[in-house]
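The structure follows.
In order of appearance the chains are A, B and C, and numbering begins at 1 in each one.
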């Protein structure tokens, strides 16, 4: 019974993790059809921001939950203004340009932070369920993820800002003729998406440590999760994270971590073959 | 870019390339230091790799994020076959055949499944990542195909060198250089010829407008599959050349390798053949030089180059240079077209 | 062996709950020139797309030269001998007019024969002067003509034209009408159209669609005089 509970919690943890690293990319992709391949590096920089902040003496929670997202949001604003703004509508070009950005950021991070793994200790300890010891930090993470998703859903669904965002996403021309300024919506959206990525990086810093090249592992998984999820930002990401995260965890249990990752990728590939526009392209279509 | 532009200059380009190749193989082996010869051989193998994507993406319109998968498969197929069979000529055939077969299967899955471009790109990316992860974890004696240990993240260190067919004598670096140069030229010529054949033109038609091509009776899926398979074979050939110049390792499947070849095509010019090869050489030399100087991390330069090109020179170097050339050489032509259109 | 070139039997097309086509029976003899009419949403474009292979009918058979083509792949239908001009001109924009036509001659083997055929078709449609122009930069009316030329060049047994006159000037429409009448001397033609004036210029027989079914069929003048048809167009009546 305990084992079963632990496995379930592991799955939940993996799902939450996947959702956390994907939601930033999902916001930007879902709203603007921009595929930001520098997403992994945004996460990495969020991690470095959190760590640098902690090393400067700032409280760890503040570092992870405030400093990290804000720093990366600022970077996001700059990137959107200088690069992305010129490429809207050109999906392939945004992918390529953001890939260039990714390389640039890796290079810069390697230059400034060096090539070693840096880490910080988890701010909360562990607790026991029966014979098993679990990290309480995982629960913190799960909690944050739930807040983000629930909050995001609520904002998109029930607030005026959310309505404007969804309108612009569906029909840019119409939105602008209604007095909404699409470029402002895009700028804000990109900032929010970047902030979420930075937040993910900050929160994951105690778990995995930060390295300039860590982004590569995240971007592929996030990318695949987002595409499998389909157009709906919250619902799509939630569904695909649940699906792929579960498959990943179960496969890892049954075989090895490497094969678990392979299983995730294979599952996504099969899903895309069956549902070419992602899960929410068919089911829950139009949900926020 | 129109057909007529290509077919008119196709022969000229091939001739120029032939001259360059002949010059290189007669002059360099005699005068250049060994280190340079090996480096250039390596660059040429990458050049073939660049051509494979230039053909697939530039002419076929298929954005394959995971072209490195075929590159790596070619190298591994060669190494494993060479170690097991001893005959490197046969192994070379495997280097081309295995990626082509893999592409046939993958391509069938992709093109007959009505997936849109973006998703196709993602899936090819995941494929190369899957291969990377899988092969990376094959360390230890347990993982072997026949006599060949896969080697995990270390790769296969003693990749058999290519030998002269029928004699078993390994090729010298100078001979490898010559072979690579000839193969690069041959691949270039093959691609150039291919795009003016009826098959090539049909592929371009599918790229330009798939629905219209189908309405004219062209089997779009089969054409895309064909160019995908051909491109995979070429990438496999590149892998073979790379393997014999350096060694075989999982990094051939990595995201970095997949990114580089994309960058070469973007910078060189999507829709051209020479451009990506030139960009490949230029960027590789730049990266090596930067690495040696130690001033700037090469990623910074590569990243900036890619961003700048995508934003400011989206067509790449070759078309930009060609347009410039046209404007200088025949400005009259341009104004005539504008005149006609405004009537 | 039927003496109809095209015969649609009880063709239905459902999109989820929407019945875009609800049991259409349609027959066409070789050499006919038929116009498909009907208000927006009547089903004529849907029917058209079932004929071209863009849609796979939910139900029914479409016999072309005796073989059922319903649900077949677009390129197979094209190879069977159906040439299509789409509602929004679908062309190879990056290529020249000459190259577009070259591609339309997929089955012509010799280069010399192709060259001759291209010149011939350009003459027939009146676009010879545009041979080296890149399509992307051409005016809409000219693009329509090029597409028409491509369809003619591919020498199909059945020519399907979806709103060929859309966006054309009066002069261009006149020219188009004469091209189509000329085309009909050697090919069977089906035209989907809105423009009544244009229809009168070319049509012989018309078929009126309404709510996914065929409402009326017959000679153009008598159909247009038909009260039920007029009511449907003016929105007065919904036929049960």
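Basically, a residue touches a chain if its C-beta (ideal position, glycine included) is under 8 Å from a C-beta of that chain, and two chains touch if they have at least 3 such contacts.
This one's a predicted model, so the numbers in the text were calculated from it and none came from an experiment.
Colleague: What chains touch subunit A and also subunit B?
Modeller: For subunit A paired with subunit B, there are no chains in contact with each.
Colleague: Please indicate which chain is farthest from subunit C, where distance is taken between mean Cα coordinates of the chains.
Modeller: Centre of mass proxy via C-alpha means gives A as farthest from subunit C.
Colleague: Could you work out how far the Cα centre of subunit A sits from that of subunit B, in whole Å?
Modeller: Chain centres of subunit A and subunit B, defined by C-alpha means, are spaced 33 Å apart.
Colleague: As a quick test, compute the distance in whole Å between the mean CA positions of subunit A and subunit C.
Modeller: 49
Colleague: Between subunit B and subunit C, what is the gap in Å from one C-alpha centre to the other?
Modeller: Here the centre of subunit C sits 43 Å away from the centre of subunit B.
Colleague: Which positions in subunit A are in touch with at least two other chains?
Modeller: none
Colleague: Provide the residue numbers of subunit A that touch subunit B in the complex, in ascending order.
Modeller: 35, 83, 86-87, 91-93, 95-97, 99-108, 110-111, 216, 220, 223-224, 227, 256, 258, 261-262, 265-266, 268-269, 272-273, 276-277
Colleague: Going by the contact rule at the top, pick out the subunit C residues touching subunit B in the complex.
Modeller: These residues of subunit C touch subunit B: 52-54, 73-75, 78-79, 83-84, 86, 90-96, 98-99, 102-104, 106-107, 132-134, 137-139, 150, 154.
Colleague: Give every residue of subunit B touching subunit C within the complex, in rising order.
Modeller: On the subunit B side, the touching residues are 1-4, 201-202, 204-205, 208-209, 211-220, 337, 340-341.
Colleague: Would you tell me which residues of subunit B are touching subunit A in their complex?
Modeller: Interface residues on the subunit B side: 63, 109, 113-119, 121-123, 125-127, 129-130, 133-134, 136-137, 255, 259, 262-263, 266, 296-308, 310-311, 314.
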